[in-house]
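Before we start, here is the structure in question, set down as structure tokens.
Letters A, B, C and D mark the chains as written, and numbering starts fresh at 1 in each.
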Amino acid sequence: MMVAFWIAGGVAVAATGMVITRKNAMHALLYLVVSFLALAVVFYVLGAPLIAALEVIIYAGAIMVLFLFALMLLGLSTRHERQERAWMRPQGWVLPGLLTAVLLAELIYVMASGGPGAAPGAAPGPLEVKDVGMSLFGPYLLGVELASILLLAGLVAAHRLTREDPEDELQ
Amino acid sequence: MHAVLPFVPFFPMVAFAVLALAGGRMAPRIIAITGVAPTALSALLTLITTGAFLGAPPDGRVLSVSFWTWVHIGGFAPKIAFYLDPLSLVMMLVVTFVGSLILLYSVEFMKGQEGYRRFFAYMNLFIGSMLILVLSSDLLFLLVGWEGVGLSSYLLIGFWYGDPANGAAARKAFIVTRVGDTALLVGLLLIFTQLGSLDIQNTMGSAQAEWARGSGMATAAALLILSGAIGKSAQLPLQTWLPDAMAGPTPVSALIHAATMVTAGVYLVARTHVVFDLAPAAQMVTAIIGAATLLYAGLSALAQTDIKRVLAYSTISQIGYMFLALGVGAWSAAIFHLMAHAFFKALLFLAAGLVIKAMGEEHDIRRMGGLRKDLPIVFWTFLIGAASLAAFPLVTAGFFSKDLVVDLTLSSQRGNLFLWVVAVVGALVTSLYAFRVVFLVFFGDPQSTLPRSTSPQERRGRGFGKASVVPLLVLATLAVAGGWMQLPRQWGGPSAFTDFLQPVLPAPATRVGGFAESAAPQVIVAVISVAAIYLSYLLFARRPAVVAGVAEHPLFQRLSNLALSGWGFDRLYGAVFVTPFLWLTRGGRGDVIDAGVSTIAWLARLLQRLLRRSQSGRLRYYVAAASFGVIAFIAVGILR
Amino acid sequence: MSAIPMGYALGLAAILFALGLVGVLVRRNIIFVLASIEVMLNAAGLAFLAAGARWGRADGQVMFVFILAVAAAEVSVGLAIALKCRRHLGTLDIDAISKLKD
Amino acid sequence: MILVLLIAVPFAGGFVALFTARRSPQFCRWSALASSLAGLGLSLSLWVRHFTGAGGPSAGTAGSRSMVQQVDVGWIPQAGIHFHLGVDGLSLIMLMLTFALVALGVLASWRGIKDRIGLFHLLLLWTAASLAGVFTALDLFLFYFFFEMMLVPLYFLISVWGHEDRRRAAIKFFIYTQAGGLLMLVAILGLYFLHGSTTGIYTFDYLQLLGTALSSRAATWLMLGFFMAFAVKLPALPLHGWLPDAHSQAPTAGSVVLAGLLIKVGAYGMIRFLVPLFPGASFRITDVAMALGVAGIFYGAFMAFSQTDLKRLVAYTSVSHMGFVLLGIFAWNELALQGVVLQVVCHAFSTGGLFMLAGALEERLGTRDLEKMGGLWSHLPRFGGVGMFLAMAALGLPGLGNFVAEFLILLGTYRVNRPAAIVAAVGLVLATVYALWFVQRVFHGPSPAEGTTAGPGPTGAPATTAAPGSAAAPATATASGTAEKPRLTALRRRADLNRREVAMMFVVALVILWLGLYPQTLVRTAKETNDDLLRLAPPPTEEIAPNVSTDLMPLASPVLVPPAGKNRP
């Protein structure tokens, strides 16, 4: 079990690293898909099969596909790749890298030193998908409804923004 | 007689109010009448009071009239009240009598001038304030007269306000005297705090009881009063304003800067002589200042070319004599010299006024000459005045009064030989410059080609109506006869004047025997003054070649220029006080402290400019800022 | 059941979050920014799951579902904006979009 | 009941003025004048009934003995805030002063203000209402309420009807006073809570807060809060920045009210609230406050001399005169306090008069710049006479009110702090310098019409020997050719003060003379209050015992011998 976790974790990190550094957008997105799949494996190893499935279906499937559609709509060509290289000067990485490294260090430090005491009682029993469903539509019912409204809002916004309306052109 | 007293200062004040506030045009004749009549009336009333005083003196030879309590807070209750005793009576006589003569003179002298009404209004304001000063029984009320006199002197010096130089002279006079007045004010503060009252008689009484002779408080009070007197009477070091005060019309110079205002200081010291008695140190300072001033002013007068400035410096010098007399404790002698000086100095000024008018506004005596034949009356009266100034023995009042002062300087216990020698040298210089003016103006051949009309009749008739000449004659007689009432001690003659003042101003304790007692000093003084007159005749009438030679000598040139400018006091005060003040105010045009405080506004604007740049609009900077914030939060969480 | 100690999972989440943040900070193309944001969202989700697994509670997974919803909505709007930006400003440079500043 | 009327009448008068303005400007001005005079009448009736009766005020009501009439209605009882007005000698004087000056202000802007007359008079009367409130409030919260309400109408008066730089000046004025006011609010609340914590009664009532026991540190801080607010209004030295700007940019009525009344709130506040509430703390800062006062006298005089704008010059003179007030307040004995009350009233009238004169001059000449004035006496003799009189009042000529006031202050200060009194006396010389400089630059000098030739042709007296013949007076800087002063040559005899202005100036002159020759009327009115205040906050040492050290007179000659005399106050 641990081995799977390590491998998947490593693949996820490497893929994400590649996402950030690629010049070509298409390659980056594909690496992102790989990263999400690796994460799905990690979720599964953590004992959340439903979420792993959702991750694969929605995240890797729906959202990434949406990205790809958008990419095709944008029609990125090699000219953009050269532009990308111009934008990606190596020294551009120094400051953000430093900043993130500090943040990472802090997070690691917090997790290492802090963390809860011993687990309450023995290791908890395995988590059934049923329990997830029960709590999803139990106490979090309101949250679910709100999530649906949020999605509706996203839909309307996307529709409105991308409509080809000559008179409300952005001057 | 009680009822009469308040009217004496009341009439001039009413005249001032009528002339100042009356709107519309007033014919010159009406102005003249409302200007002169009230003061003449006051003079009459004063004569009546004097008669009553001599005849049946009221109890304690004092007459006091109280009007109301000015303000009453706890122990502080000054009263508006008059207190007439022989000293104020003499002063009142001088002020009203000489005042009305000069007003009469100026009716004609100022005729045709624009601002005729304003002139008489200010003159009456002056006489009224002077009378308040002389009659007030409370030091605070005295200050009202004191500053009222200063104000009217400012208004009259700056009478022709068209020329800014006159305005400057007027301001200089008011400010310099104000310096003295402030010292007097502090003196009042001290006196009230120490003695609990400002009423003069009351204060003098409690001063005698409270303060030991030579005590610190007495000396401080005396010195403060003295500095007030010095300011008003133009003594060293506050004398620079009087020569410039000649910018006013000549009658003003005659009344204010010769006869009355400048002697207010002498009156004040005489009035508070008890305090000076208690402070021998302060009295010595007074004597020294008197001596120094009479010498300084005498030498300056010798070098002046403007006829009025000669008389101005001579006034400073003569008042120096009075301060010397006060310094040696000869109170009544000082007042006697004050009265005599009022007569002959007013006479000199009025005569000089006519000379200037005849010469078509020409002031420079070097360009005058040979007026003896043209202006006979003016010549003779001027001669009498000059003789009296020079203390020509036996004949003039000046001789009797100055001789009394010089004699007491030697014989009084507070006086000493050194002061006497200075006084005698002063007398010599005085005779020199007095007759220098006479010889330069009236003798020799006419220097200038100024518009002097040809025919003597026309000249004699020119502008010298009765109104101008009568005052001259009256003053001339006074300048001669004024002295006979007080013959020198050695002659055993009548000493009416000092006896009259005896209760108020005690005679000084004199030394016994020796050189002081004998008649020698008087003879020396008389001889010196006559010799000086002859010397002056030699120097200025005959003008021998050797004198011209000396005149060219560079050292003499520099010396006379120095004396001309009043020994450089003006330049000194200019450098020490005026220029730093002007530099400071010019520098401070923009309010420094306000600028200091408004730097806060500037800081706010600076901060705003800095923060504006942080809103660059680029999202990545905002994300960076946000993450920086997160890091900080966690860091705080960790480090605490 | 999860034998994975929570520390490791959270560590992985932290690393992924950091990588996402670097991505957002460095890349100037909107697509890459959006992608990096997705990575950060996933990292957060992972952290939730790790905690849920650790305590044996379903809340972690519920939160992930919500994160999914949020991410979906966010991406759709983000991409719409990207398209709009491409059409009007002619560029995908995120720094070009700074009209709100002045 | 009258007290509420005192505030209601001007308040309502403001509305009447606003509504009548549409019908006819004259009616609006008359109604404004009527309401201010009504206020004056009310306060006079109070004064006649209580202070000219049997030789002194009738027995005071409860609480402080000097309160002649009180109105106490609960406003917000839970917080201990009462609508508590009370009037005694001091506040009655201030009330009469307020309504008199507002009436003069209305008269002064009879022709000056042409646009939005109704609003102008509304704001002026509301200032009067809030001032009446300030001077009678005995509840600290109510006092603060009126203290702030006073600013708003005046801010609009300056920023709407002011002169060229009015907006900046109005904002500066508002910020200065508001900042001070907020510090005072903090101090009031501090006092409120400290009093509540010690005695359990949470109240803003002045009479009850008087005796609160405070730790010396707390007392000092609270006192400083009050001191800052009143020092800004007084204008004590470092905080006077707003005064010259506000005064030179305000319309005539605005500067009259500003100089005459708003400045006096500072003085009134210090006498009524600052020292009685925190006696210990105030006496600790006596030396500092007196140093500030003396510095203010000198600084005001120096700055007044160097100004080229007439109204700024007059503004700086009030900084100088208020230096005396600060000196007098912290001398805190009977003489100094009476001096302060007298100085407040005389300064209000003399500076108010000077501002009315400056306003009238500005109406006629169209400029406040002293460089463009000069030689006006020949054309405007009445202006000259009044200007000379007011200048004399400003420099403290004995016989006028200012002198008596300054003398009393110096006398009172002399007992407490000798060097301060002496240095302040020297300040009087500087007062002479700027007053005469003002007269010279405005009225004397060559008259503008003739330009170069000397004014009224002096046929005598060139000043110095160097001056050539008297006829051709040198063309001085002020009379640099007629082109520069086209407006002045248009001066006609009719341009002089008209009947209305002469009447106003006559009233001002009468009051100054009356207070100069018989100030007892004012002294008797304020006597009861002063005794009460001295009872509440007895001065630290009755008198500086004349031991040797303080007796060495700085001016005395070195031959000084320690005195043997004892001191009799």
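Structure notes:
What we mean here is this: a residue touches a chain if its C-beta (ideal position, glycine included) is under 8 Å from a C-beta of that chain, and two chains touch if they have at least 3 such contacts.
Quick caveat, the model's predicted, so the values are computed rather than measured.
Of all chains, the one whose mean C-alpha position sits at the greatest distance from that of chain C is B.
Distance from each chain's C-alpha mean to the overall C-alpha mean is smallest for D. Comparing the chain pairs A-C and A-B, the larger number of C-beta pairs in contact belongs to A-C. Averaged Cα coordinates give chain A a centre that lies 74 Å from the centre of chain D.
With centres set at the average Cα position, the gap from chain A to chain C is 5 Å.
Centroids built from CA atoms put chain D at 69 Å from chain C.
A straight line joining the Cα centres of chain A and chain B is 103 Å long.
For chain C, residues touching at least two other chains, in rising order: 21, 25, 28. In chain B, the residues that touch at least two other chains are 624, 627. In chain A, the residues that touch at least two other chains are 95-96, 99-100, 103, 107.
Contacting chain pairs (ordered by label): A-B, A-C, B-C, B-D.
The part of chain C that touches chain A in the complex is made up of residues 1-4, 6-12, 14-23, 25-29, 31-32, 34-36, 38-39, 42, 45-46, 49-50, 52-62, 64-66, 68-77, 79-84, 86, 88, 92-93.
Put simply, chain C touches chain B in their complex at residues 21, 24-25, 28, 33, 94-95, 97-102. By the touch criterion stated above, chain A contacts chain C in their complex at residues 1-2, 5, 9, 12-13, 16-17, 19-20, 25, 28-29, 32, 35-36, 39, 42-43, 45-48, 50-51, 54-55, 58-59, 62-63, 66-67, 70-71, 73-74, 76, 80, 84, 87-88, 92-93, 95-97, 99-101, 103-104, 107-108, 111-112, 115-116, 119-120, 123-127, 131-132, 134-136, 140, 143-144, 147-148, 150-151, 153-155, 157-158, 161-162, 169-170. On the chain B side of its complex with chain C, the touching residues are 615-620, 623-624, 627. Across the complex, chain B is touched by residues 95-96, 99-100, 102-103, 106-107, 109-110 of chain A.
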